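Below, each structure is written out as structure tokens.
Each of the next two complexes has subunit A plus one more chain, namely subunit B in the first and subunit C in the second.
Coming up: the complex of A and B.
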């Protein structure tokens, strides 16, 4: 009852100040939002895109890796967008910290509002009889890599169960600099190999292995990636149930994670560009 | 060499490798016609561990030298790999046991890579290619069967006992009598007595499954390596047998599982008392382990030649009289009987000890004991005195040993530096490394390798004797001369009588008088 009242008060509040907000969203539980943010937070700052479908949070590093989390609008109790698209850059660590401070208690109501370009992101959370307000400065959004220019020409695609892939990734030789992904319609099907001073190691995952849900490979692709670029992909792995790995003809690696938290479906995408072979080995 | 290890046994092998990783940085894999051994020796060559797995441990075992029997190719399957590269293969023993169906192990035909092929339950196959550093073998000659004391107990007894010691405790002393056994912490004089914590645990012979004590003695050995053994024994639930003679001779801990595998750890012990009569010396020569590595020519061309260990390990660790030849080579001036005074002056000036001094101090221990065959135990306290007196009578060779030994003491007088045990031990090795004389290495083959621990023990006791000086830690001390040392010096020589006594031959930082 209390929760309902609080929510009502929060919901009612915006009605007369709502006009100048381009984005207003209210949330019942911050868990979904927080978990998704944590999974992609390999850099301090991220860019938030708000569209009518929901929020997309993108984090990018060294113009070679990019992670995006999609938070669909049905995760939110209410979601109003008064513009075509809202884009701003924000310090995710701060946002995470704010959300974290409230995730400990159960009865929470959160309102997120953004007035537009140049303004800060405001969070109002009410918990019991106390109301906390936060305002986080937004930054100028920068140009992000767009991997979707021209439809991705996916050659090979494998869908796996995340928990096993996570173990495989965690056991990759930490001394190695690169990891090579080989996907092929014939043996070795799916191979990860590393090469380091401590020795070479390769992991073969056959097509009919229990961890593989579907295996669609048309031709052999082999590409090398920096191990430090693959590592951030492990975080969403532990959150997700299934992951799809696909490569295009250029060797661009794409992980798509299906995440289910508290009956909400979340979705994370992770792109990693290959290392161009320098022919030195 | 080719073999298959069933999944259930992977845990044992993983525990063995992890236990070995706590000993040394390199893993020696030595397949045999009927068994495979995994061995390691620590960097100061004071601890050695070996695990031998019999045929029955493997699901499939085939040992075939890659070439027809040929003396040089016979050992081609034996190889040394880096522990660092090996550990990831056996990362989590618990998981391995549950998930691995089997593990195939083979040496590639060209002998450059050791291959582990693991098949997991999920159908995943993981293949590790570990580079072979060298085809080198490790041989340790020791006997445990004729050890005078032997204790056998469940691992729980040992591990419960060892748990009582602080994790920073480096060495423990095991004393045995026919009535009781005690394990107590061993501390050297470098630790401030007021901060020292001593632990002693008494064990009743009834607690042991086998209790044979023919020689009531006390041995001091390193706890770290012992813990490594216990970790393995605990994981496999085997009982541990300790066989030893007396301080200064190695102690052998063995864990055995029926006919499947067996582990033995050989640890050097400090000689707590001066009990090395010539008789004992000879005994040591014949009974103590000899660590030697035999290179059969490197297969890995990428390793620069100077990295290869072609000399016998024994040459590094033996500090026995036969090494004196080598010392002569390095210090030719010794042969002619250097005027003692020169050395003594440097003593008086409190010359900082060179690396050499540590070794020599050990030697002086040996030589002095030869001069006093009737010296009995329990004279620990008065030993430095004894020795220094011996020095005066010794040959020129001994003279330099003793001198350096004395210079070490001189240094202690100034309380300028306290070398840790370990440092000394490693210094000793470094020093020995400089003398790469294969032939003498061969001569040393039957001499005790673990004498190095004596080197540290000598210094330990020296420190013990200036215990009183150390009561105030880290405060600048005035140069105080211990009366005993003064006595020695005053009664044995007068530096002003010696020509050239006022010439400083070596600077304080200098290593060798030129």
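Coming up: the complex of A and C.
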């Protein structure tokens, strides 16, 4: 029994015994982290997952929309994880304000650390005349929906330059409650339409137009989404250079944004569930 | 009561107008207190002085005569609307400013401050007069307006990084309405926000400590003294540094859990700002952060 317990404790020995942090990272600019956070901050709180690949920040609303920002470990100057996985819930408004208070045009040396379950997320920065420190409370992480199972059964996928999709979204009727997405290998190829008391609005984008970078559609999908669920996706859209839109047979809509900030590639995923019952005029 | 003053130095006219403009940003009304050797503009908040400007009449005016309400109480207090006065006197700041401004306390169916501006127009001189209605504050209300009693402070420190502190404080909206100002006699200073959601600190070290009598107030130089103040008021005061860039470093006097006094000095005018301690639910222990 004793031998077994000894073996167990050796297996769980942290890599850096002199550091009681499960996560330690340093940054010389908060820009990437701050901009990606701002793009998905449509709810006050979010869940942070830290893995060996980097950080993932997820925000979910009404069990209908979910956005995740991926900050890979190469964004950080140094990145050390002393546990298999680190997860906690945090107030993103406070985190954003703290990072903003530390952003400046000069080089900064920001250290982020976390000791584990129950501890606060600590930020500390030393710069010239002053030291700035923040200690943000963490909370019990909530169970989040796992949409990834949907990406295995993608039926249709379109990739386009973000600025074009932004123009299309700007033209959508703001009085409408729902927007319908139709994707098909045949006409109309890619259609967005809305209905409201103001009238009907329809945008058709042919597959061979300049906007579209790639068009991979296997069969017709048509689904309606609440416009208020699509709206928060405008922020990551504005930040990105390219976006891919994909749907599966359940009508789950997935936006994947490719973002370039400074010299780093960031990535945001945005899922939106369809309206199940169709509402006819 | 009598008051007569003449300004004919353009740089002092400009300073006078600048002060009035800053006052008009701080509050809608102000109190003008005239003493034989000093003039104060006082901003009140909940019947207590929050900020005041101290001017030396000998510097600002080429002529200055006054007489208070009585021989014993040789001073008087007037209440006036800041924005109105600031807007009208804006001409004093312009290139073709008047060559002389005469200020007089008169009675035009009610107490008024008359501003007579003489402007040269080729070989002629044009006079422009403005009569501002003012309220005379009775002596019974004076004690509330007097400069705060000479406090003994636990620590007085010079804070050169006003802009940095202001920018930092402006970043936070989610961490409550209050801010701690903390300092020790070792030259360490902190601005700190403490909230259920988190704590944020901006710390400066190696600052100059001011000693009144040339010696330290306590033996323990590292002991930290803190006061909790209204964050918005502090931010509004720090913002004044833009429109009123001081000649000397901001001095910050702290009386633990009682009062903080900040002083901005520019030329011959000193802006004083007071913020009283706001009692907290849970006492906070102050420590320095280390990298």
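Some notes on this structure:
Everything that follows uses one rule, which is that the second predicted complex is superposed on the first by the 254 of 281 C-alpha atoms of A that agree within 3 Å, B and C clash if a C-alpha of one lies under 4 Å from a C-alpha of the other, contacts with A are read in each partner's own complex, and residues count from 1 in each chain.
Criterion: a residue touches a chain if its C-beta (ideal position, glycine included) is under 8 Å from a C-beta of that chain, and two chains touch if they have at least 3 such contacts.
Worth saying up front: this structure is predicted, and the values here are computed from it rather than measured.
Aligning the two structures on subunit A places subunit B and subunit C next to each other without any clash.
In the superposition on chain A, A:144 makes contact with neither subunit B nor subunit C.
Once chain A of one complex is fitted onto chain A of the other, the partner contacts of A:101 are limited to subunit C, with no touch recorded for subunit B. Within the superposed three-chain model, A:159 lies out of touch with both subunit B and subunit C [touch as defined at top]. Residue contacts after overlaying the shared chain place A:83 against neither subunit B nor subunit C. Legend: residue contacts after superposition of the two complexes on their common chain; A:201 is shown touching subunit B, with no touch to subunit C.
Within the superposed three-chain model, A:120 lies in touch with subunit C and out of touch with subunit B [touch as defined at top]. Touch criterion met: A:171 reaches subunit B, while subunit C stays clear of it. Once both structures are fitted on chain A, no C-alpha atom of subunit B lies closer than 15 Å to one of subunit C. Touching subunit C in their complex are the following residues of subunit A: 91, 93-94, 97-98, 100-101, 111, 120, 124, 126, 129-137.
Remark: subunit A residues 164, 168, 171, 173, 175, 197-206, 208-211 touch subunit B in the complex. Across the complex, subunit A is touched by residues 161, 164, 168, 171-175, 196-205, 289-291 of subunit C. Subunit B makes touch with subunit A in their complex at residues 82, 84-85, 88, 91, 113, 122-131.
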